[in-house]
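Here come two complexes built around chain A, the first alongside chain B, the second alongside chain C.
Moving on to the complex of A and B:
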C-alpha cells in the first residue's frame, strides 16, 4: 500500500485523538466549564447518574468508536513503523504488519460492539 | 636557534577485510603545519610512516565528495577540514559509518549509488521525442530555479547517509541523499516524473520513515538541507493524495535561437592580452 495514504490517515488520527481527548478533559475534569447537558445530574462527572445519562447519548457512542479507531490506527501504525526500522528480516516485518492489522481490526470490532452494547444497557436503565 | 615543530597525533581506524579480524585504531604522530587539512595529514602519514594506508580522494577542494570520512565523530570532507580547527593535539579519523568498509578509510558506497539511481535523479519528460532529439532549451525562470537550487549543490559524498539514524538501522531506507535528490528533480519545473519517482519512495521504509532528526543537514559539508527536502517531499505526496496539489504544466521549450540581441548597457570586453591569430 502507498504509505502516503497511511501517513495522511496517521496524521488525521492524531488530530482526532487530540480533539477527543480535549473533549474528554473538558467533560471529566473541567465540569464547571462544560455544558450542563453532558452532566445532567449535576455533581461530579463520574457520578453514576451522569455516566448513565451520557451512555444513553448517541453522540458519546459515536465518539467512543471514533476515538477507539483513531487510537488503534495511530498506535498500531506507529508500532509497525518502529518494527519496520529494526534490523530484522523482511519476513518478520511482514508478519508483524499482518498481525498488527488483524489485532487492530479485532480490537476495533470488539470495542465497537462494547460501545453499542453499553448504550443499549444504559437505555434499559 | 632551532624551531621545535608542533606535533599532532592522528588516530586512524585501520581495517583490511580478509586479513584483520576487526578494525583497530593506530596512532601516527606528524608535524602540524599551517593550513594543514586532514587530507594533507593523511598524505603525510602515507609518505612518511604507513605507505599501505588507504583512503579515497580526488579533487582536494571540496567539490568531488570522494574524501568524506568520520573526523572526530563528525562525517565530513577531509580536504575541507583544517586540522587546527578540529584539534591541536589529537584527531580521530575513521571511515564513514553505515557503510561496509573496503579497506581502512574507504567505505563501500555501492548502496548509496544504487539508492540514488532508484529515485531516477534526472529530468523525466513525457515528450520522449523531445528528450531524445532536443529542439531547443527548456524555459525556466530564476524563481523556478530557486525552488530546487540548494538541493542541486549535493556532491553525493555520503556524509548525510553516515549521519542518518534511520539509515543506521534500516538498510531498506533510501537515506537522505537519494530522498533529497528525489525532491530536487520533482521540484524542477522542467520535470514530469513525480509519479514515477513517488513509486520509488512511497513504500514501507520509504520517505515517511524519516524522523526529521536533521543530522543529515548538520553533517552536509556543502550546506544542503536534505531534511528540509524530505519534509517537502512528504508534504507534496500527502497533498497529492488529498488532491490539493496543483498540477503545473512543465515549462516550455524555446525553439531555435533567441532573437533578443545584446543589451546596450553591457560594456564591451577588454582587449585580448595575447594577440589572437
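Moving on to the complex of A and C:
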C-alpha cells in the first residue's frame, strides 16, 4: 500500500516537473519561443543581468523550490525503484532507501536556502 | 553457494534482453537511461546554480562568457541532457496515460492473430515520439545554430 501511494506521488511529481521544467527549458534553451519579459536584459538567458532580473521575481523563487522538491522526489524515488528491482539483498535495498531519503532532504534544504538567498541578493542589487 | 534473493529478477541485464523485443521495450530501456542521466545532471545543477547566491564573480566564473562550463564539451553534454528531457517527458506522458488506464483499449478475447494493448496504444506512442523528436530538433537549433 505504501509503495502504491508513493508511486502515485511519483506520477504526480512527474506532472509537476513536466510543467515547471518545460517552462524552465523554454526560458533557458528555447528563448526564441519564450516571452522577452523573462530575459529582459536581452542576450543569453544565463547572462548575469537576466539571472538577477528573474531572481527578483517571487514567481521564480517559488517555482524553483516546487521544481526542486518534485524533481528530487521523482528522481530519487525512480532510482530507488531501479535498485529495488536489482538482484541485491533486502538489507542493501533498505540502506539505499534511507540513504536516498536523507540525500533528498539535505539537497532540498540546500536548494531551498539557495533559492531564497539568491532572491535576497538580487533584491539588494 | 548462497542463492540470489530473487532468482526471477534479471537485474540490469533485463533492460537489454528481458521481456518482449517490441518498440516499447526499447522505450523502457531508454526511459531508465535518460532518467539516470537527468538525475546525475540535476544533482550537479543544484550546486552549480547556487553560485548565483555569491554574486556575479562567482556566477561568471562558471557560466559567464569565459566561464568554465561554457566549454564545448559541456555545451554538448547540456544538449544531451535537453534531448534526454525531451524524450523522458514525452515518454513519461505515455507511461502515465497507460498507468491510469488510457490508451490500452477494452479487454478482448485472445483470438489469433493476438492483439495486445501495445497495438492499441502504438499510434499514440508514435505521435508522442514524433513530438519528442520535434522538441529535440528545435533544441538543437537553439543550442548550436541560432
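The definition used in the following text is that the second predicted complex is superposed on the first by the 123 of 125 C-alpha atoms of A that agree within 3 Å, B and C clash if a C-alpha of one lies under 4 Å from a C-alpha of the other, contacts with A are read in each partner's own complex, and residues count from 1 in each chain.
The rule is simple: contacts are C-beta pairs under 8 Å (C-beta built on N, C-alpha and C of every residue); 3 or more make two chains touch, one makes a residue touch a chain.
Only a predicted model underlies this, so the values are computations on that prediction, with no experimental measurement involved.
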Which of chain B and chain C A:51 touches, first, second, both or neither: second
Chain B versus chain C as contact partner of A:22, first or second or both or neither: second
Which of chain B and chain C A:123 touches, first, second, both or neither: neither
Chain B versus chain C as contact partner of A:105, first or second or both or neither: neither
Contacts of A:5 with chain B and chain C, given as first, second, both or neither: first
Touched partner set for A:85, first chain B, second chain C, both or neither: both
More chain A residues in contact [chain B versus chain C]: C
Doubly contacted chain A residues - partners chain C and chain B: 11, 85-87
Chain A contact footprint on chain B (complex, rising order): 166, 169-171, 173, 198, 202-209, 234, 237-238, 240-242
Sites on chain A touched by chain B in the complex: 2-8, 11, 81, 84-87, 93, 97
Residues of chain C that touch chain A when the two form their complex: 4-6, 9-12, 14, 32, 35-36, 38-39, 42-43, 46, 49-50, 52-53, 55-56, 59-60, 63-64, 82, 85, 89, 92-93, 96, 99-100, 138-139, 142-143, 146
Touch list for chain A against partner chain C, complex: 11, 14-15, 17-18, 21-22, 25, 29-33, 46, 48, 51, 55, 68, 71, 75-76, 78-79, 82, 85-90, 107, 110-111, 114, 117-118, 121-122
